[in-house]
Amino acid sequence: MNEDQLRALFEQVRAGAVEVDAALTRLRHMPFEDLGFAKLDHHRALRQGMPEVVLGKGKTPQQVVAIARRLLEVSKNVLITRTDEAIAGAVKAELAGAEHFALSGAIRFWRDKTQVGKGKIAVVTAGTSDIPVAEEAQVTAEVMGNQVEAIHDIGVAGIHRLIDNRVRLTEARVIVVCAGMEGALASVVGGLVACPVIAVPTSVGYGASFQGLAALLGMLNSCSSNVTVVNIDNGFGAGFVASLINRL
Amino acid sequence: MNEDQLRALFEQVRAGAVEVDAALTRLRHMPFEDLGFAKLDHHRALRQGMPEVVLGKGKTPQQVVAIARRLLEVSKNVLITRTDEAIAGAVKAELAGAEHFALSGAIRFWRDKTQVGKGKIAVVTAGTSDIPVAEEAQVTAEVMGNQVEAIHDIGVAGIHRLIDNRVRLTEARVIVVCAGMEGALASVVGGLVACPVIAVPTSVGYGASFQGLAALLGMLNSCSSNVTVVNIDNGFGAGFVASLINRL
Amino acid sequence: MNEDQLRALFEQVRAGAVEVDAALTRLRHMPFEDLGFAKLDHHRALRQGMPEVVLGKGKTPQQVVAIARRLLEVSKNVLITRTDEAIAGAVKAELAGAEHFALSGAIRFWRDKTQVGKGKIAVVTAGTSDIPVAEEAQVTAEVMGNQVEAIHDIGVAGIHRLIDNRVRLTEARVIVVCAGMEGALASVVGGLVACPVIAVPTSVGYGASFQGLAALLGMLNSCSSNVTVVNIDNGFGAGFVASLINRL
Amino acid sequence: MNEDQLRALFEQVRAGAVEVDAALTRLRHMPFEDLGFAKLDHHRALRQGMPEVVLGKGKTPQQVVAIARRLLEVSKNVLITRTDEAIAGAVKAELAGAEHFALSGAIRFWRDKTQVGKGKIAVVTAGTSDIPVAEEAQVTAEVMGNQVEAIHDIGVAGIHRLIDNRVRLTEARVIVVCAGMEGALASVVGGLVACPVIAVPTSVGYGASFQGLAALLGMLNSCSSNVTVVNIDNGFGAGFVASLINRL
Amino acid sequence: MNEDQLRALFEQVRAGAVEVDAALTRLRHMPFEDLGFAKLDHHRALRQGMPEVVLGKGKTPQQVVAIARRLLEVSKNVLITRTDEAIAGAVKAELAGAEHFALSGAIRFWRDKTQVGKGKIAVVTAGTSDIPVAEEAQVTAEVMGNQVEAIHDIGVAGIHRLIDNRVRLTEARVIVVCAGMEGALASVVGGLVACPVIAVPTSVGYGASFQGLAALLGMLNSCSSNVTVVNIDNGFGAGFVASLINRL
Amino acid sequence: MNEDQLRALFEQVRAGAVEVDAALTRLRHMPFEDLGFAKLDHHRALRQGMPEVVLGKGKTPQQVVAIARRLLEVSKNVLITRTDEAIAGAVKAELAGAEHFALSGAIRFWRDKTQVGKGKIAVVTAGTSDIPVAEEAQVTAEVMGNQVEAIHDIGVAGIHRLIDNRVRLTEARVIVVCAGMEGALASVVGGLVACPVIAVPTSVGYGASFQGLAALLGMLNSCSSNVTVVNIDNGFGAGFVASLINRL
Amino acid sequence: MNEDQLRALFEQVRAGAVEVDAALTRLRHMPFEDLGFAKLDHHRALRQGMPEVVLGKGKTPQQVVAIARRLLEVSKNVLITRTDEAIAGAVKAELAGAEHFALSGAIRFWRDKTQVGKGKIAVVTAGTSDIPVAEEAQVTAEVMGNQVEAIHDIGVAGIHRLIDNRVRLTEARVIVVCAGMEGALASVVGGLVACPVIAVPTSVGYGASFQGLAALLGMLNSCSSNVTVVNIDNGFGAGFVASLINRL
Amino acid sequence: MNEDQLRALFEQVRAGAVEVDAALTRLRHMPFEDLGFAKLDHHRALRQGMPEVVLGKGKTPQQVVAIARRLLEVSKNVLITRTDEAIAGAVKAELAGAEHFALSGAIRFWRDKTQVGKGKIAVVTAGTSDIPVAEEAQVTAEVMGNQVEAIHDIGVAGIHRLIDNRVRLTEARVIVVCAGMEGALASVVGGLVACPVIAVPTSVGYGASFQGLAALLGMLNSCSSNVTVVNIDNGFGAGFVASLINRL
């Protein structure tokens, strides 16, 4: 149930088509249902106006299929993140309409493609190895109704590649920057543009990258003031917040 | 020089009032001037449409006064953050119009109070001890042309206080949450609202808070997907990004 | 040998049925026997009034079976934690009466189901992925003679789900909270109730969760004063202490 | 307002002496009042049946005095923790009845000395340097209505000192163990007794103690299953939880 | 070449049986030979009077066999530590006289069993899971000519088991303590005895044990002054130093 | 396109053979081409005068082959680092002239063997287990036109082995030191020579080596002032910088 | 009371001069006395045959004086470590015979100068700044009856200085090595000698030395097998263990 | 004694002016002299061809003056780093010719200004607050005979300032980059130039900069392969290595 449906309900109440008590009851019973192992919170869509999202990691294929099946009954768009092969196989076998993104493990059911974002979201990577995280961000932002421009492999060691893309960057309303190793791309992009930049440290690197810690600390200490940060490899979170901002 | 001034310049060029070469020269010489010890980058205002900001920490009172004096000649609004008593004393003695905020050490020159933010920014704290960081965020957002609503001391140990403020929270277009210790307030606020939440971990706490690390990690791992994070105690950065978002 | 048996021994001594020297000898020889590779400490049951517990992790299937077989001769209830498939298979093949809990790897021999807990213990999870740890806590608390109420998937991102369970929470005499990622649930539950809360950080999460460190630090810094903490993923310890408290 | 007062209110309602609406209004307005800089949550006393507590650290002397003055109007017992000399001086000068504990910086207003604890709480230290933290725990447990037995300087390097105190330890219903350096005392005490042990790592030590981290990690990994842990130097939290348990 | 052989050489020189230049040349060329991939340093035996030791980890089976074969030509006793199945299989297939210790992966060639230690070395473990590390220490100390007493599973949660072994502990001239989790056993043993105690933190544990870091920090902060520490899981190093001390 | 080619272009311009505009266009379009997933930056060779390098780790075999094939069309020498078996197999099957170095996973196409280094680069290891990292450094330095002297297994526990190699060390113009565990070799070598020493911490070790952190910190704190440090296991980076220095 | 006195007591018992009960009583009452704030454990001298030691840090001058005064009544030699100026002043003013060592803050009462060590202990520093820690080790070893040879400033950056001292090092029966920064001296000394080496990491350094962590990790990972480690800056512990070993 | 003096000595020997034995004796006695607390190693100048350097931090003013006085007798150029006011005052009062650099605390005696560097060394800072570290690098490189170009305040948030300095950067033979916060400047400069870049992380920043750790990790993970790293705030080390390279 999204905001439109809620508004419709209230209008029915105002029009006398639904009794106040009945409306209240429907509202009260709506928040979640009990599948035994997970509470599905349909109100969350109401509170945040977004499709339902399931984190695949840490769940069994059966759990993911059951949750997704239930969500597809009440929501047009469903996103499953971080599936492994077993989950992806089960979902594709059991549920129609699944798009599978192999690099990031995302699965998308995208049945309502209304564009709600007001501008373009740029999703940028420093190197080829950061693309799986960027893919998760892109898939998320698209299913939430945004046009996404992907710009890959423009890391700071070759600053002119970045500068060559300056126009595309300045045309974006929000930018997601995915970078591992030292994560410097977020600061440099942040310095080039005037819009909010969401930095995603990736676990790309080795040794003293400490699985993304180096990039995380670098981004948190960015000298560009328009940068905020999400968890290491959290492409989904970056795409989600970018979508929220792009609706404003 | 802000965007309006730049457009004016281009229109003068189009109207023939300024030669192309002269315009180019003005543009070329504009980016920064050399004070010997610091490059002032007036283009930054152009790129990001914001007042000039000086980080007081790590500079001498003389350096801060010199930089601020120069900036005040070219910019209506100037913000100096993290001043200690020596810097604050020097600035107030030498430069007229300084507002000094004692908790955060911010100093503000606010000569152009045009509101450019489209909605309200809420700045929230978990406890009394987080107020200095929140003050920095509030001062920043205000000088950047936003209406700010401060909501203090609504930490999660008393969840009803938070819920009592739910309406005020949902009215905001962007929310800044400042919390130390375990930093849980960001997640709870994030779950209550549909707008972007910028979390500022504070160094409030002791022992295993490790000067804000516990709050920082908590916020980065938030189960609420609308949360992004800035550096520990970085009220300025949070207020800055909130302002960027609120202009969209 | 439990406290009742010990009291019986002393009463036999007082009644003259057992000589003091003989009683002393039995007491002295009781503490542990030598299986060659592990000292079984039956006095521990005396000291703590609890069933015997074997940590499966780090032992071979043969070691676990030998230890468990010996314990089952002297103790009604035996709990084996953290078994892998090899250990679980061996135990089930060799020893009758084993209950196997697949999510947590716990194996329980529960032959004396006397209830000794005075109230109810609630075991709460933030998300579906925390259930294996909660299961270990629940299995432990049950085998130690307690009624357990499991409440799953009430994480703070959907605060109303938590509030909907407020009554069930306030009815508990002790609460165990299992949460990964930022671990904020412990603080929020702690703020809602007046009883002791035992927080179990779980290793659920990725990136900057650092295998449960973020949740651990968050819980140690809880702003709710009724929260104490056990090791990451230590469902057993939480169930154990909750049982001790519930007997008081 | 404590639970007794709340019950009285409901009985007045049942007896017709107070209207339902008036009662509701009183209840609704009760939770907290706004002092401008801090929300005082009197409901917390209801929820947890405890005196009010103020954390002195991070507040100005003026803030502490104002908060404490207000709390003393509605609560018999008030505890202020972690005061420095300036705060302690101001509180003693402005508010009558303050007991000041110099080692821990605690200040106590103890006007209702009803004993509500059912047994004795032992507060134990490994060394002389841990006494400030233990003092905070003791002061807290006492003001919450418990008899406290302090046992100091029984660290594990002289195991016979610990064993000489075994009887006193086994007589306690709950034990608080304060230890720095390696923090081994918690495990050893835990192994000697059958009751819950609350371990407080202290920042006593140097070098690789890393301000209490070594003791914290040691206690979290205790091989004694009856041990739970609070934050480094958190004597207050330990005394608080011990009091909750001792009321059961 | 051991010290006796060196002395013989000098005596030959003194007796005129070997020219000074020839002796110098033999001495100069003796230190090591070049196998292409590893320098074998036979002088090390001279400098430290010990058998040759090869670290299996990080080498190929072929490398280990080649190094060991060469060493066996010049040294009676050879110890290979940390072999995996491939290395152990290759060594046993190619070289006669190998004793293989499966828990620790050590392989021992023990052809000269002269006792050079003056007393007994006790090797102690806190729990069954620490035995692999203790085995490495025991195998090392034995091959270096010491009598070793193994005392297993006397962790501090059952302090009486430790005390029951007090006599055996006090009879040792040096003690090696292997303990994971909180590592408290080192401090308690250190407090019971007057001899040097070498503490080996083990990686036994989970969660906040951080692969042995908790035990390591605990042992470094031991309140017993007779404790020194070696690397996590370094049973070899502990056995080696214990042997050096026991020769004094 | 290397520097010589660039100079030729300018000379053609000066000679009138190429128009300025055409030259500019060629220059402008030269920087990189878009393969869809990775930007190849041929200007980098210009800027740094070096062969092209591809990091194999984190790429698919298909990606590596495609990138390498394209690079081989424009560059004589190509180095692929950190290939696994799948990548190495694909590269060797698809592209002629590949040298494969099994220890380090490097693959080298070395078609222009001009020596550009002015002196000799010594690549030194502390132990046999450090050789894979040293191999990567050696392969890199060679393909960049340098003579490399490899000196293995001269760790500080046998200081005379190091001293025996003193002459070879002092003959080098730059030295790369690869060492794990405590990484002390860098300081000792640094103290013996007057040339720049590039230290590569390796992840060789266990326990408190923390995957190379111990060696990294040791090298950063070197008391020899001629030591600089690269990332853990970064043999490539060390060989690269050593080559740059040796060209000076 | 030392071991000789205890033996005398037993001989008096055997000779009939003291009744068994009286002897037992004396023994039982001996372990410690209660000064109210600290338990003095005279048995420790028995268990370890050493003078009494007081850690000054974390105690008030009054506490230190009271403890020391009491110890001087029962022990010939008393060592107070880590005093600040206030403590040192109080001790020197109140108690006769105090030697004060200003660099380390140690205070020594050395009234029984019997040599019990069988050989010489070398105390070595890498640099001038490590001398305070070495002084603590030297003062400790001397008061425990050992001849100490101090060798300062022989860090590995000038390896020949170390080698020039090789003879003095090989003459020692035990060596204490104090080094900050990368702590490499312990490994190099360990490789030169055959005796046990006790490594003391010092907090000398800055930046990535992290207050001694770099040296600590380096020493724990020493490639010289005769090295064990004590806490950062723990000169006392190193001197203590060296003394224990030198008595063997 | 520098290399020229050494060559002179050998030539005197060859010419018969000095006997071989006398020359050997002079050589043998040269390496260091014993001032009681510090060994002065004049051979170091020989080995590395550099002036003498004294680290002021951790020494008393008396020690520094004594060491410096002695060094000035044998060396033309002496550099004292990290002096505080007390040391600086003493040095300036006691020794003629001291240049004092207040930001970095360096003191320089520069009596031989021969230029030995073959090109220019650029010393670059990201922000004004990094200048003290850069000053130390500059002072060091100058006293070692190099021309230094300082370029300040060109951090990546304003990338055009960096690009405006591209020519000055490419003219340098070696570049030292000093940057705190995220330290991204090293990577960006590294990408712009073909020469070696020595990165100095500075402790400038707050919160998650962790006193320079963020910058350190960022620089170690640089995607520009020509970057090596020295310790946090180690301007001296960077200037020293840059000088070594510039002599090649």
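The first chain written gets the first letter, and so on, giving A, B, C, D, E, F, G and H; residue counts start at 1 in each chain.
Keep in mind that, in the parts below, contacts are C-beta pairs under 8 Å (C-beta built on N, C-alpha and C of every residue); 3 or more make two chains touch, one makes a residue touch a chain.
Because the structure is predicted, anything quoted here is derived from the model rather than measured.
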Given chain E and chain F, the chains that contact each of them: G
Between B-H and A-B, the pair with more C-beta contacts: A-B
Most distant chain from chain G, judged by the mean position of its C-alpha atoms: A
Interface residue identity across copies chain E, chain G - same or different by half: same
Centroid-based (C-alpha) most distant chain relative to chain C: H
Chain G and chain H: spacing of chain centres that average the CA atoms, whole Å: 38
Separation of chain B from chain G, taking each centre as the mean of its C-alpha atoms, in whole Å: 54
Inter-chain centre distance, chain C versus chain H - centres from mean C-alpha coordinates, in Å: 60
Residues of chain B engaged with two or more neighbouring chains: 127, 157-158, 191-192, 207-209, 213, 216, 220-221, 225, 231-232
Inter-chain touch pairs (all): A-B, A-C, A-F, A-H, B-C, B-D, B-H, C-D, C-E, D-E, D-G, E-F, E-G, F-G, F-H, G-H
Residues of chain F touching chain H in the complex: 47-50, 53, 118, 173, 191-196, 198, 216, 220-221, 225-232, 236-238, 240-241, 244-246, 248
List of chain A residues in touch with chain F within their complex: 127-129, 131, 152-154, 157-158, 160-161, 164, 204, 206-209
Residue numbers on chain E that touch chain D, as the complex places them: 126-127, 155-159, 163, 180-184, 187-188, 190-192, 205, 207-210, 213-215, 217-225
Partner chain D, residues of chain G touching it in the complex: 31-32, 37-39, 41, 43-44, 55, 57-59, 63, 201, 203, 211-213, 216, 231-234
